[in-house]
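So, here's a batch of structures to check.
What follows is chain A paired twice: with chain B in the first complex and chain C in the second.
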Partner chain A sequence: MKKILAVDDSASMRQMVSFTLKKAGFDVTEAKDGNEALTIAKSNQFDAVISDVNMPGMDGITLIRELRGLPDYKFTPMLMLTTESGMDKKTEGKEAGATGWIVKPFNPEQLLAVMNKVIR
Partner chain B sequence: MSIDLSQFFEVFFEESFEGLDIMEAELLALTPGTHDLETINTIFRAAHSIKGGSGTFGFTVVSNFTHVLETLLDQIRDGRRALEQQHIDLLLLSVDCLRDLLSALKAEEVPDEAVANKLKADFESILADGVCGEYAANESEDKPSSTQSSGWAIKFFPFPYLFKTGNEPLYMLHELEALGKLTITADLSHIPEFSKLVPDECHVGWDIELHGNIEKEQIEEIFEWVLDDCDFSLNPIGEVTPSAEVEDTKEESEPSIEPPAQVSEEKKETKPTPTQAAKAPSAVKKGETNSIRVAIDKVDSLINMVGELVITQAMLCQLAEREFDENNVNMLQEGLAQLSHNTRDLQESVMRIRMLPISFVFSRFPRLVRDISQKLNKKVELKLIGEQTELDKTVMEKLSDPMVHLVRNSLDHGLESPEARVAAGKDETGSVTLNAFHQGGNIVIEIIDDGAGLNSEKIRAKAIENHIISENEELSESEVHDLIFRPGFSTADEVSDISGRGVGMDVVRRNIQELNGSIEVNSVAGEGSTFRIRLPLTLAILDGQLVRVADHTYIIPLISIIESLQVDIEKVNNVGGSVEVLRLRDEYIPILRLYQLFKHENAITELEHGLLVVVETDNEKVGLLVDDLLAQQQVVIKSLENNYQRIEGISGATILGDGRVSLIVDIAGLIKLAGLKKPGKQGLSIDSLIQEMA
Partner chain C sequence: MQPTLNGFHNIKRYIDKHRRMVVAKILPGEFYVTKENELVTTVLGSCISACIWDDIMGIGGMNHFMLPCQNKHSPDAGIDTSYACRYGDWAMEYLINEILKNGGSRSNLRVKIFGGGKILNAMTDIGNGNIQFAKEFLSKEQLSIVAEDIGGPWPRKVFFHPNSGKAQVKKLKSLHNDTIERREKEYMQNIEVEEKSSGDIELF
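Coming up: the complex of A and B.
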C-alpha cells in the first residue's frame, strides 16, 4: 500500500484529503503543520507528500525544501495545495522542489486524478 | 468514486468559527500604520483557510467574499499597501458578516448576501485604488479558445534533473495514452558515455504522435508541472514546424495553463448553489450535536479511572463467589470503600470534561469594548484576569448575555467621558477589568470599573418615583445599590442603543439566579463599581444537606446554609401577627415552617423540638424549620420541569441512595412563596415590621 503524508492546518481539508485518499486505497498519515510533517517524515518513508502552503509554524514551501534535501525524499513526489491567488507560490514551490500542485478548491475526483499523475 | 463532502461540513464550520474568532482577536491587536507581520500573517492564514474550505465544500458565497478580503490582506502582508484604520474596521465588519453567512449555511438556510455584497464593493473600491489593478485584470482574463486538430506532434525532452522534482515521465506518457492512439519514439541521442552517466539523471527524450480528436489543453495539462523542466513543443500534425517556432509555441502555450483559465473551469464543475449544498447534508444535520473539545489529559485520566473501577469490580465479584465469613466482610467493606472512592473520582473527571476555560466568554469582550467605546467616545482599557478559570459549558453559555449586559452598563453608565475623568483628577482612559477565579465550589466573576460609581441619591429618587420603595424608607448604602436589580428600575435618563433598552439589571439577576448563582454590587462614589457574580461550577451536581420534614426528605443546597441551631423559644417574636422572627445575635431572622409551606402532617410543630436551618440568599436570611438534619451528600440534579412541572419553592429533584425521590429546596422561591419580601411594597416588609416592633 502506498503511503502518503497529508499536511494541512485546516482540519476539514485534512480530513477530506485523507478520507479521499484512504478510500482510494492509500495509507495516509496526517500532519497539521510543516514542523509536525517533517518530524513524521524523518521517521517514516512516504511515497508521496501532499501539503498546504499557508500554515503556521513551518509553511508548505519550507517543508518541501527541507524534505527535498533529505536523501530519502530526493525523488519523492510532493504536491502542494494552493489557491488561485497564490500563483507566485507555484514558482516558489517548484524552486523549493515541489513536483506539482493542486489548485483549491478541488473535489475528491480531482485530487485522485492529480495523485494518479505521480504515484500509481 | 463518489465522496459525500457533507461529512466534513461540521468540522469545517467549527474551524471556520474558530478562525473568525482568531481573526477578530488579532485584528483588535493591530494598530494602523504599523506592519506587524506575524499578526497579519495569522489573520491572513485564518481567512485563507476559510476561503479554501468554503470553496472546496461548495460554499461559494463565502469563498467569493473571503477572496476580496484575502486579496487586501495579501497586499498588506507584502507591504504593497499600508495598513489603515478603515481596513481594520472593514475587516472586522467582514468577520461579522462571515460569521452570519456561515451560521446561515450551517443552519441550512439561504444566507443573506446583501451585507456581503456591500462589504465586497467596499473592498473592491479599496483594491481598485491604485496598487493592484493587475489582479482584477488577471481574474477577468478570458480562457483562450481551444484549438482542435486530428492529432498532435509532441516533443518532450526533460532536463537531466527532472527526477528530482518527483515527476515521472513514464506516467505522463501513460496519461497521453489514455487520450488517444500513441506512437512514441525515444530520442537516445543525449545519453552520455557510460563513464559519465549519472544514474539518477534523465537523458532520454521522446517524440510523440498522438492521434485523435484531442483538445490542446488536455495535453498541456499533463505536462503542466514540468514545462519549465524540459524542452517541450506541441504542434498539430500535418503542419510543418520550423525549429525556430518551437520556442514560440512553448511560450504561447504558457498562458493557457495559468491559473485563471484553470480555475474558471474548475469553478464551473464544483459550484453547487448554496441551497443545493445546504440540502445535501440534511442527514448529518439531524444528528448534529453541540460538540466540545476536550484536552487529551482529561480523557486519559478518565480512562485510568475506568480501569481502576474495573479492577475494583473484579475484586468484589471474586469476593461474592467465596463462602461468607467475617474475614470477607472486612474485605467487602474495603472493596466498597474503594468503589465509592473510584466512583467519586470518576464523577469528578467526567465533570471536568464539561469544563472549559472562561476565556471562551471573555474573548468576545475586547471587540465589544472597542466598538462601544468608539461609539461613546470614551477611552477604555480592558483587562482580563483569570481567563483560564474553568467553568461548566452550560453555565458558560448562559453567563454570556448577563456579562455583556454588565460590561455595556459599565462602559455606558459607569465610565465617565475623558473630559469628566480629567476634571475628576483621573486618567482619561478608564479601565474595565474582568476577573474570574474559583472560590470553594464556586466560580466568582467580577466586572470592575473605575468610573463614577453608583449614584445613591439618584437611585433612591428613581426607586421612589417608580414605587419600588416608599419615600420614608430608610436603607443602608448597599441596600440602595441593590435596588438597581429590582424589576422596573432603570436610571438611564434616555434610552440608548448600548444599554437601557428596557432589559434591566433585574433580568441579569434573574438569569444568574436561574443558574443557582448570585450577583451583588459594591460601589464607591467617584471610584467605581464592582459587580460580583458567584456561580456554581456545574449545574449537574449539588452539595446538599438532607433534612427531614415529617416523613419526607428534602435537600437544602449546602452553599446557602449558614448555620443550624436549636431554637431558644424566648428569642422568638411574633410580628404583625403572622410572621415569627428569631433574634439571632444582632439580627432578626424570619422563620419559615417548611411543613406548613409544603403542607405536610405529622411534622414537629413546636419550634423548640425541631431544628432551624439558617440559610441566606441575596443577602436575605431566613430560618427553615425542619424535623431533623440527615446526611450531607452530593446529589445529581434532575430537572422537575422536564420530568414533571415547575413547582414554586422547589428547584429540582434527585434520587437518593434508597431509590426515593427527594426534592431540592429553592430558597429564593420559598421566600417568595411565604410572602416575605424585603424591602418592597409587595408582600410583607420584614424590616418595617421589625422597626415597628423595636
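Coming up: the complex of A and C.
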C-alpha cells in the first residue's frame, strides 16, 4: 500500500483529502503544519507528499524545500494543494522542488488521477 | 480609497457618506478581506455569511455562500466529497486562508455568523442546512462563534468592520421585490455549473 503524507492546517481539508485518498486504497498520514510534517517525514518513508501552502509555523513551500534536501525525499512526488493560483507562488513552489500544483477546490477524481500519475 | 488587497479588485466598493466609510459590497459566492478601516456588507436570504477576524491584528473579512447539497450526512454516503456538497468548505477555506496569508493567526481568529433564513418558498429549508454546516465546520476547526443572528423568516443586511470585529445586522421585515430570492437561485445554479470547470492542475 502506497503511503501518502497529507499536510494542511485546516481539519476539514485534511479530512477531505484523507478520505478521498483512503477510499482509493492509499495509506494516509496527516500533519497540521510544516513542522509536524517534517518531523513525521524524517521517521517514516512516504511515497508521496501533498501539502497546503499557507500554514502557521512552517509553510508548505518551506516544507517542500526542506524535504528535497533530505536524501530519502530527493525523488518523492510532492504536490501542492492550495488556494494560491498566482504565477509568483507557483514559480516559488516549482523552484522549491514541488512536482505539481493543484488549485483548490479540487474534485476527488482529479486529485486521484494526479496522484496516480505522479506516484507509480 | 485605499487599494484593495491582492485579488479583490473585482469587489465593488463605495463611499457611504452617512457612515463616512468605504464599504465593500459582496454578492453570493464572493468574499472580501481587508486590513483597512473599512466595512464589508452583504444582503442574506437563506445564504450564510461568516465574519472572521484576527482580534489582535484587526485583519479580517466576510464570505457569503450556501450549500446546494443537503445530503452530506446521509448514512450510506459516508463523507460526500463532491464539489457541490463541499462548496461551504471551500468558501470557508478561502476566507480563512486569505486572512492568515495577510498576517492573521489562527489562534486569534474570532467568528460571527449571520443569515440562514427560510425565505425561499419553493425549497426545503436550505437556510437551516447552511447554519448546521457553518456550526459543524467551525467546531471542527476549533474556531469559536462569539455572536450570531441566524434563522427565522427574514432576509438580513449585514455590515462588518474587520478592524474591530463589530457587526451590525438589519432584519428586512418586508420584501418589496424578489431580488434576493432570484439572486440566490441563480447563484445555486451557478455552483453546479462551476463544478465542471473546477480544479486547475499543473504538473511541473
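What we mean here is this: the second predicted complex is superposed on the first by the 116 of 120 C-alpha atoms of A that agree within 3 Å, B and C clash if a C-alpha of one lies under 4 Å from a C-alpha of the other, contacts with A are read in each partner's own complex, and residues count from 1 in each chain.
Quick note on the criterion: a contact is a pair of C-beta atoms (placed from the backbone, for glycine too) under 8 Å apart; a residue touches a chain by one contact, two chains touch by 3 or more.
Because the structure is predicted, anything quoted here is derived from the model rather than measured.
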{"item": "Superposed partners chain B and chain C on chain A - clash or fit", "value": "clash"}
{"item": "Partner chain(s) touched by A:R120 [first = chain B, second = chain C, both, neither]", "value": "first"}
{"item": "Chain B versus chain C as contact partner of A:K94, first or second or both or neither", "value": "both"}
{"item": "Chain B versus chain C as contact partner of A:T20, first or second or both or neither", "value": "both"}
{"item": "Partner chain(s) touched by A:T76 [first = chain B, second = chain C, both, neither]", "value": "first"}
{"item": "Which of chain B and chain C A:I102 touches, first, second, both or neither", "value": "second"}
{"item": "Comparison of chain B and chain C by chain A residues contacted", "value": "B"}
{"item": "First, second, both or neither for A:L112, with chain B first and chain C second", "value": "first"}
{"item": "Touched partner set for A:V7, first chain B, second chain C, both or neither", "value": "neither"}
{"item": "Part of chain B, among the options 186-194, 204-212, 276-284 or 528-536, whose backbone runs into chain C after overlay", "value": "276-284"}
{"item": "Residues of chain A that lie at the interface with chain B and also at the interface with chain C", "value": "9-13, 15-16, 19-20, 23, 54-56, 83, 85, 90, 94, 98-101, 103-108, 110, 117-118"}
{"item": "In the complex, chain C residues that touch chain A", "value": "6, 78-79, 81-83, 86-87, 89-90, 92-94, 96-98, 100-101, 105-106, 137, 140-142, 195, 198-204"}
{"item": "Complex contacts: residues of chain A adjacent to chain B", "value": "9-13, 15-16, 19-20, 23-24, 48, 52, 54-56, 68, 74-78, 81, 83-85, 87, 90, 94, 97-101, 103-110, 112, 116-118, 120"}
{"item": "Residue numbers on chain A that touch chain C, as the complex places them", "value": "9-13, 15-16, 19-20, 23, 54-56, 83, 85-86, 90, 94, 98-108, 110, 114, 117-118"}
{"item": "Complex contacts: residues of chain B adjacent to chain A", "value": "1-3, 5, 7-9, 11-12, 14-15, 42, 44-45, 48-49, 51-57, 63, 67, 70-71, 74, 135, 163-168, 171-172, 175, 200, 222, 224-225, 228, 258-260, 262-263, 266-267, 269-270"}
